[in-house]
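Following this message is one structure expressed as structure tokens.
Naming follows writing order (A, B and C), and every chain is counted from residue 1.
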Amino acid sequence: MTGGWRIFGMLAPLLLVLAGLFGLGLGLTLMRSLRYLPAIGLTEPDLAAYRAVLTAPRFLASVVWSLWIAGASSGISALLSLGTALLLRHGFAGRGLLLALIELGLAVPHVVGALGILYLFSQSGSFARLAFGAGLIDQPAAFPALTHDPYAIGIILLYVWKEMPFMTLVLLARLKRIGPGHEAVARSLGATPWQAFAQVLLPMLLPSLLVATALVFAFAFGAYEVPLLLGPHAPEAVSVVAWKHHTDVDLSARPEAMAMAVLVFVIAGAVLALGARLVWRLGGFSR
Amino acid sequence: MPLLILGIWSVAHGWRFPALVPGEVSFAAWSYVLSSASGVGASLGLTLSIAVATAVIATVISYPAGRALGRHRFPGRFAVLVLVLAPAVLPALAVALGLQGLFLRLGLTGTVSGVVLAHLIPALPYPTLVMTAAFAAFEPEFEHQARSLGARPLQVLAHVTLPAVAPALRVGAALAFLVSWSQYLLTLGIGAGKVQTLPLVLFTFATSGRNDLTGAVSLVHLLPALLVVGFTLALRMFHRVGGGRWSVPGVGG
Amino acid sequence: MLRVLIALCLLTVPARADGVAALYEGTHSWAEIEAEARGGTVNWFMWGGSDSINRYVSDHLATILKRDHEITLNRIGVTDAAEVVNLVLSEKEAGITSGGAVDLVWINGENFRSMRQADLALCGYTGLLPNAALVDWENPSISNDFGVPVDGCEVPWNTVQFAFAYDKAVLSEPPRSMAELLDWIKANPGRFTYPAPPDFTGSAFVRHVFIYAAGGPETLLGPFDQSKFEAVAAKTWAILNDLEPFLWRGGQTYPTGVVQLNELFANGEVAFTFNYDPAQFGLAVDAGIYPSTTRSFGLMDGTLGNTNYTLIPFNATNKAAAMVLQNLLLAPEEQFEKAKPEVWGAAPAIAIDRLSPEFQADFAALAAHPSVIAASALAPHALPELQADWLTAIEAGWREDVGR
């Protein structure tokens, strides 16, 4: 009854769009990065673009910087969301409202959130003015540099603010499915609350947490608009550097832009693969 | 929430450090933004239609796909799932650059349809995963019973299946809408400057130093997204009976 | 099999009509151009960050075009003109030699040079515009765009001259020369900075220091000279590196663009900002961004002056309509309209002495915005722009030697 062809038919539109557009787009980028494009006469693929990109200090610095942003954002979000999910696990007055607010917060576009952070946390932003009013600082420069700064504090703040609710919801759903049964059993066998958490609950949560963290990491690593709005003049995020090369009038910079994009893709993919591998090792998602 | 600060900026005139509140309140920014000279109104309409189109197409595609993925374990299922998840999490830049060249030759750059097609790439994963989870939780018994009682396939669809997965459909559509609504780089690359969606307009003002205009446009950009999510939330609360548990995409296979 | 495919692909790439810059074919008369343009559309790509300029174009100009020529004007705002260059370049790469997305672009400097280098501009038609007679094409600062000859490929729109702004409520007497400015910065640490090149304005500031280090522009005019460059560059980087610890944030970071610098100035974090177009200071005061006590000044050593233009890409869809628009932009009424401080305050690109006595009187009577220094006050101390190769070398040098 459920023939293989029928399944294929159901999947066909999806595959068409994803494999077609996504795959083709990616394939073309790969080809251009290898400087292989028969339509304009380049018939010999080579790695010149990759060599140029991988030896450029500007690109390497931006890779490190983007890794830092992604790592800090996903790590801090993971810890915070774990704590929040555990807190919100049990019902309390207003829990429904809080959850609704969190979901509503997911709707805020990243750019809007970034602008909010800029207007609040910059050295001449609202918090700086509050500090001035309280007599804590005497000029904007005395307020700590949280935006356009080399530590990407503003950027990390935005990603934590935006992604932490998402991760909390993921963990809450998982917690709901796990149920309180396992911990109750552990406690009845004499385990302390901490032991019940660390040795029973946490291992069951870890796969979801890891997946969510890896997702946030990959997303933050390849981000464009937010680092552009909140970052310093150097270093720049990898996507920003890649796009600048792509729009450079010097056409020979294009293959380099493609190479950068491919490398960004590969690095993000590697992180996700690593996350998936870890989850597998941990036993996957036990029902 | 940043809403507040953006709102205050949108009516501020002459608000410099260290003033805590704006010296003057002025609606000049709003009157400009709402005028036709600014192009914000047209952009709002354009962005809306693109997002709605993306949401509709994505939802329609995700229905059969989610059914196949959720109900049947077939060889290659894992590969398809990875393919589905990939565009949502991997940086769109790599795809956008290559796609631009392809679309140029196909004459799709600078067109709304081209942009919608491009938006489908990051938007499709969400409804698909939501529908997969929904169908995985869906009991086929209801369908079988209905059929055995003599209902025709179309009736089964309309009266049994669809109502059961309707909440998931709504969530999926809302997610696809949001993804399309916030797209920047893809629209910039494929739209080639002709398709001026709100994120692009917002960006131009944000990088021009006019905080009041930026604040106003930000709110214009924010409100519809909030409305869509709010609407979905409200519906969910009313239809709690229908078994619409909020299933989180990507977790729990 | 693959070879056949490749051959087919190559065959389908349309042959270029002309190896050099695309010339407007045929000897159309202006009447023919106007007739062809009637009822059409123009897609004008320009920087969209100023609501005043946007209003002038989308409300005022669009209405006139519609009323007089039945042409619909589409203003398309971009964040940077380089995006438009990229767009036309991509189209050319894809073999789109007609029906392009861009009909007109507001452009100058390095972007113009890029378009010329890649043969992206429509050239040779400017003589057909009736109002082109009002432009003094002999003037080197008009016939050369950052050292690149205009050659009939673009039409001037505004002239600008670099100026500084300060808040007279905070600083009663600003420095009047580059030497005084450098001394002032050292005496007032943390109160000055400049955007990092290759930002357009930051790059201009560095060029001012460069010309100062060379003792004047005379030796720098003309084609790029590596040895001359290195000698002057060494002095320039020494000055700027010396200056670094006295800059805002100790020179640890530079503003990413002139907009950030403007914000620092608006909030009193730094004492000066600067811009190629002093009219921007007036617009900012009116928008409430700068304090009303803002005033502007030039330097005795001189400040850079240049022109900005509009250009029609070689593959534009609506060439005739774009030409009609360009002609309108040069009209005395429009040059006067945008010179009004409440509209924009932009200095005209046409020669005032070629206008009727009534218009000359109108221009003379124009009251400048109190925050904007009059173009006539800056003009005696004008520095010519260096050729584009100098710019690239200076920007690259800054990145390596100063910007870290």
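Everything that follows uses one rule, which is that a contact is a pair of C-beta atoms (placed from the backbone, for glycine too) under 8 Å apart; a residue touches a chain by one contact, two chains touch by 3 or more.
It should be emphasised that the depicted structure is a prediction, and the values quoted were computed from it without experimental measurement.
J.: Need the most distant chain from chain A, centre defined as the mean of C-alpha atoms.
T.: Greatest centre separation from chain A goes to chain C.
J.: Tell me which has more C-beta contacts between its two chains, A-C or A-B.
T.: Result of the comparison of A-C and A-B: A-B.
J.: Distance-wise, how many Å sit between the C-alpha centres of chain A and chain C, to the nearest whole number?
T.: For chain A versus chain C, the centre distance works out to 38 Å.
J.: Can you give the whole-Å distance between the Cα centres of chain A and chain B?
T.: Centre-to-centre distance between chain A and chain B: 18 Å.
J.: Quick check on chain A: which residues sit in contact with 2+ other chains?
T.: Correct list: 124, 140, 246.
J.: Give the residues of chain B that touch two or more other chains, as numbers and ranges in rising order.
T.: In chain B, 16-17, 101, 203, 207, 211 touch at least two other chains.
J.: Out of chain C, which residues touch more than one other chain, so two or more?
T.: Residues 83, 93, 260, 263, 267-269 of chain C touch two or more partner chains.
J.: Give the list of chain B residues in touch with chain A in this complex.
T.: Touching chain A: residues 1-3, 5-6, 9, 16-20, 60-62, 64-65, 67-69, 72, 74, 80, 83-84, 86-87, 89-99, 101-102, 117-118, 120-121, 124, 128, 178, 181-182, 184-185, 199, 202-203, 206-207, 211, 214-215, 218, 221-222, 225-226, 228-230, 233, 246-248, 250-253 of chain B.
J.: Across the complex, what residues on chain A touch chain B?
T.: 2, 4, 7, 9-11, 13-15, 17-19, 21-22, 24-32, 100, 103-113, 115-117, 119-120, 124, 126, 128-130, 132-133, 140, 169-170, 173-174, 177, 208, 211-212, 215, 218-219, 221-225, 229, 239, 242-243, 246, 257-258, 261-262, 264-265, 268-269, 272, 285, 287
J.: Which of the residues in chain C come into contact with chain B in the complex?
T.: 43, 45, 48-51, 54-55, 57-59, 75-79, 83-84, 87, 90-91, 93-96, 101-102, 257, 259-260, 262-263, 266-269, 284, 287-289, 291
J.: Any idea which chain B residues touch chain C in the complex?
T.: 12-17, 23-24, 26, 28, 32, 35-39, 100-101, 104-105, 109-110, 188, 192-194, 196, 201, 203-205, 207-213
J.: Sort out for me which residues of chain A touch chain C in the complex.
T.: Listed in rising order, the residues are 38-41, 43, 123-124, 139-141, 145, 148-150, 231-234, 246-247, 249, 251.
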